[in-house]
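Can you keep this structure in mind? I'll have questions shortly.
Going by the order they are written in, the chains are A, B, C and D; count residues from 1 in each one.
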Amino acid sequence: MAPKKLKVAVAGLGRMGKRHAMNFMNRTPRAELVAAFSPDPNELKWAKENLEPFGVTLYTDYNKMIQHPGLEAVVIGTATSVHAEESIQAMEKNLHVLCEKPLSTKVEVCKQVVAEAQKRPHLKVMCGFSRRFDASYRDAHDKVERGLIGRPSVIRSQTCDKHDPGGFFVAYAAWSGGVFVDMSIHDIDLTLWFFGDDVVLKSVSAYGIRAVQPDLAKYNDYDNAVGIVEFHDGRIAYYFCSRMMAHGQEDTTEIIGTEGKLSVNVNPQLNLVNRYHSGGITREVPHDYYGRFEMAFVEESNEFVSACLDDKPLPYKLTNAVKAVEIGSYIQEALVQEKQIRFDKNGKRIEAANL
Amino acid sequence: MAPKKLKVAVAGLGRMGKRHAMNFMNRTPRAELVAAFSPDPNELKWAKENLEPFGVTLYTDYNKMIQHPGLEAVVIGTATSVHAEESIQAMEKNLHVLCEKPLSTKVEVCKQVVAEAQKRPHLKVMCGFSRRFDASYRDAHDKVERGLIGRPSVIRSQTCDKHDPGGFFVAYAAWSGGVFVDMSIHDIDLTLWFFGDDVVLKSVSAYGIRAVQPDLAKYNDYDNAVGIVEFHDGRIAYYFCSRMMAHGQEDTTEIIGTEGKLSVNVNPQLNLVNRYHSGGITREVPHDYYGRFEMAFVEESNEFVSACLDDKPLPYKLTNAVKAVEIGSYIQEALVQEKQIRFDKNGKRIEAANL
Amino acid sequence: MAPKKLKVAVAGLGRMGKRHAMNFMNRTPRAELVAAFSPDPNELKWAKENLEPFGVTLYTDYNKMIQHPGLEAVVIGTATSVHAEESIQAMEKNLHVLCEKPLSTKVEVCKQVVAEAQKRPHLKVMCGFSRRFDASYRDAHDKVERGLIGRPSVIRSQTCDKHDPGGFFVAYAAWSGGVFVDMSIHDIDLTLWFFGDDVVLKSVSAYGIRAVQPDLAKYNDYDNAVGIVEFHDGRIAYYFCSRMMAHGQEDTTEIIGTEGKLSVNVNPQLNLVNRYHSGGITREVPHDYYGRFEMAFVEESNEFVSACLDDKPLPYKLTNAVKAVEIGSYIQEALVQEKQIRFDKNGKRIEAANL
Amino acid sequence: MAPKKLKVAVAGLGRMGKRHAMNFMNRTPRAELVAAFSPDPNELKWAKENLEPFGVTLYTDYNKMIQHPGLEAVVIGTATSVHAEESIQAMEKNLHVLCEKPLSTKVEVCKQVVAEAQKRPHLKVMCGFSRRFDASYRDAHDKVERGLIGRPSVIRSQTCDKHDPGGFFVAYAAWSGGVFVDMSIHDIDLTLWFFGDDVVLKSVSAYGIRAVQPDLAKYNDYDNAVGIVEFHDGRIAYYFCSRMMAHGQEDTTEIIGTEGKLSVNVNPQLNLVNRYHSGGITREVPHDYYGRFEMAFVEESNEFVSACLDDKPLPYKLTNAVKAVEIGSYIQEALVQEKQIRFDKNGKRIEAANL
């Protein structure tokens, strides 16, 4: 008899939802994609061609989908604004949840999701931080664990997207939570992974510019920003996020320890080809995050399924997802309000008046 | 109704056979692995744990396996010596065939496989040259097709394995056909791909040493060898194969054109991590060909299945597999006999006496 | 008749002074090293062996040296604390001056040097910023000038030294002005070069840790620090300085424009050798700044001499040297006092009380 | 009193002669350029502007120049055809000689130079192989000496020039000795350096094409060629030379040992700049050998002078220069005559008839 497969549904079939659906259907051997939900006619059209023929039931109502017979887990790839609500509704139906990052752009809402999850310790509730599943980041983390760089003390990490002249990200900024919540959250999550999730904030500062998309001013957002986070145990992380790269996606991280350093993706590359021409030697770069992290998403799917089926611990805590949003929100506030925000030894915010 | 899946069996569950079985079972959405064959008790033990529970019927007799009800295709990953025979037997049962390279170390035997395949044009018969499915090689080939380097004129290509001090390859040399048939066949196949499969041999030469495995002398084989192939249309390919690499697998190719050059894997790397330490900056390298080409094998499985199900042309001709063995055998002969072998404008061998 | 050579004296024969002496003697064809000064017996001993035999007169009194017959220019490589005074004294003797960076760690003192120089426009007075003479930085600057990256908007620049476990830099910190004045001054100078020296400060922030040299606390200094500088024209520069590198000197700069990016030294390297071994592929890194910038110092010597002899403009303004120290001092203040410092549109500091 | 300087004359002021003159005048502190010779009016015009004002006496007659009062050494950068004759004439005047490679394209003539030099052991007679003075090659050689790669067993080395569409090299081929004597001689010399100059030839083979300069057929030469040299002690060297590079100079060497590998210049680069643009990431490449080896030529000048003044051994033997031409000539013969040439254990050629 074939071993059991986890019955999974995917909510949201936009850019990333489609990929989740395909990954759970085709590249996650222990999962069976049984249902998918989207309120969007174009997404549903795609699903009729690409999912329905393979036995996936389509829904236009999220609440109906999570009552699909035998369903065991939901992957949430809808708009951020409904991540938390849908996660909680799924838990109420006793379903495991893999939710795209962030749980919410609001810390309080994130905390509600965690609270609901903590009531149901038998459920696996994970927020998808794809870089945690990337082979290079894992290798780097393993090397840190083995002590190869001494104590990690400084992290430099950036999330830099290829410039999209279409201006999609201007509208997107209306509800994204701002660049430090939307983009740098990956870098913040890496910081928690490499420094430990018990680090205590000491201060944050940030600066941004609108170099190519002045309309971002409408939403108090920026197309390039730099932020620094200081922790009370004598560590620093600094972040750069940009939507202005000409060449493609460039997500780079350095972990600088007392006895050595590790870098991830200092030389971005699409593949192993170099072209030699009269202007020099050129290599191409992935166009977007999926070009860089495709296999990490596949690994994410498989590990989530394995944790559900085998009742194994998830690779990281759900509370990290809250902490990452919290730190991101502070940095975003520092950015928008042009001020430094400081915290006491317990991580409690010291109001500006106290400076 | 779910679209049809191709029912596939895998023959041979050794190092590569296992991988084929897992790839067809888990990473080839349009395939269904229904059967597997191995005469080896250890391999069967592995199959009982890893294949049987998922509905794969195990066989200890190849001929019985190819009569498995509903079977449509066979993947042959057994010892090279039975590749051809098993391929022909499968065709006789009206099965599509994906056979590991080489079809045989003997050109005549390869030709028999081709002859049998030509009798059954409705069958897809493919010899697995993994590099043809690698994203980097494909990008390079696409760039050549787009004219980015002018006319490809010189190819340098190497297959270099990590040194295995255990001496496995000494025994293996007894029946491998020699390094140019066993290792460089990939480089030769790439040459046919980049130069065109209608190139006509003008001469071959080769030289080898036994630097770390003197026992290879027993089998007239070498652990490092260099060969040059000259073609009548004014092109040259030169190859290096080695089993002596300290650092890992290093399969590198340069395609040198009249207006530019492309390189593939000039900087071998396991992943995107660099380690900075007191001795400098270090990156790791894949330990073996599967570390380098894993995703190419997955792509190979999927494209083979797609060709079978949709009756689409295979990505390359079976006759190339014969030509690659033929050229490899000539180079091996030049190597072992320490002579240059020349060919007339029709590719007909000019005997040494005619020099 | 041989063309005229510039008669040069070098003051200070410590680590960098020795190199200047040798460069002006041997690698600056249009200069003649005629005198050298050091109060230090060990340095004088070295000079007796290495300079005196070649006709260089040695002095233990700076004031006497600058009265050396026929002397035309002085290169000042003494301790930072006397840079300004010695520069002014040299100008008073009508001598051209090449002074090691910084003119002083105090902005007011730097300004005095500039004021004295402005009284004597026929004299060439230059503060040595070696990176301005480096072929890679010049190529990058030229590419920016040619518009290849659009408008430079963000600069990331770091000065990272190999860790010296001897603790030399603890004592040195007593009078160095702090890491942002001592180390990052190069990065700040590059910012003025790439952004234009008319940029107006908007704010500065900085954070530091003492990860390997806790004794730096005595001098309010740090072994790793990150700083951000915001300018009123919508540009940002951010800096990292560290004395903790295990692998060697790593001075890296990225200039990020609206239409492209340039990097300098993203892959540090001692030379063009890679070593392939069982642990991977390793390249070495220069041990110190001179290993990285030796040829830039030679170029600096030659261009200074050429400006003096041919009465050509110096490659950059002396006032930049003041501005770099000024910005560095603000960042250092922000670092030590753990606060953000803000400036109005005229660059006038807004006191914290006004925040 | 200033230490003695070596009085040097340069013969030939063409492309490389000019550079030698400038290097000996300005970048070789222990040398004094006192004389220069050229029969060419344009070269003399250049010399009148660039050398004469600095006290260099110009000659249009080589024999007169070598009688210049006090002259101690001659640097020969004239046409290859007169290298040997001029070297011998200089020795007859008791002058040290640094002669550009090759001594001659004819082995017998090279041997005459060596014979003359051997009669005068007090003279330093060196043939300039610039790569021997390059920091990267020296580092690689040092690592080999330290045993880091075990026994060097295979060398891959290439000399690849940027394509010059002007066709200069067609005329040049008339007297260059052919690509393996003209270009690969550097790679052959490196082989003698890394393998030892006592290696004994076992066989040579070579193949060439005319991909961009068909007119080379007039002179029996090629624009791309590959050669293999086998030695009797179980080692192989293989060479690629090309005049067809679109991107610039690419002289790459790999030394492959039983326990590791070293590469030199696997990633050619003009400097440390990378440009990131919509097509990817690009670095530039030196346009010619001088862009790659400029500092090696400076080092060569200085070491030659030091050997002369201090009566120290030269860094390598003059006989190597003969052996390199000898091997190069054999490879060129194999190339042109399309045959393999074999040698017995004493290195004595085995005629084709004996095959």
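Keep this in mind: a residue touches a chain if its C-beta (ideal position, glycine included) is under 8 Å from a C-beta of that chain, and two chains touch if they have at least 3 such contacts.
Note that the coordinates shown come from a computational prediction; the quantities given were computed from them, not determined experimentally.
Distances between chain centres, each the mean of the C-alpha atoms, put D farthest from chain A.
Remark: among chain pairs A-C and A-D, A-C carries the greater number of C-beta contacts. Taking only C-alpha atoms, you rotate chain B by 180 degrees to land it on chain C; that is to the nearest 5. Computed from the mean C-alpha positions, the centre of chain A lies at a distance of 57 Å from the centre of chain D. Per-chain CA centroids place chain A at a distance of 41 Å from chain C. Along chain C, residues 149, 245-247, 259-261, 266-267, 270, 276-278, 284 each make contact with two or more other chains.
By the touch criterion given at the top, residues 245-248, 250, 267-270, 276-285 of chain C touch chain B in their complex. Across the complex, chain C is touched by residues 1-3, 25-27, 29, 53-55, 135-136, 139-140, 143, 148-149, 259-267, 270-278, 284 of chain D. Of all the residues in chain A, the ones that touch chain C in their complex are 149, 151, 153-154, 156, 203, 205, 207-212, 224, 226, 228, 230, 234-236, 238, 240, 242, 244-247, 256, 258-261, 266-267, 338-340, 342, 352, 355.
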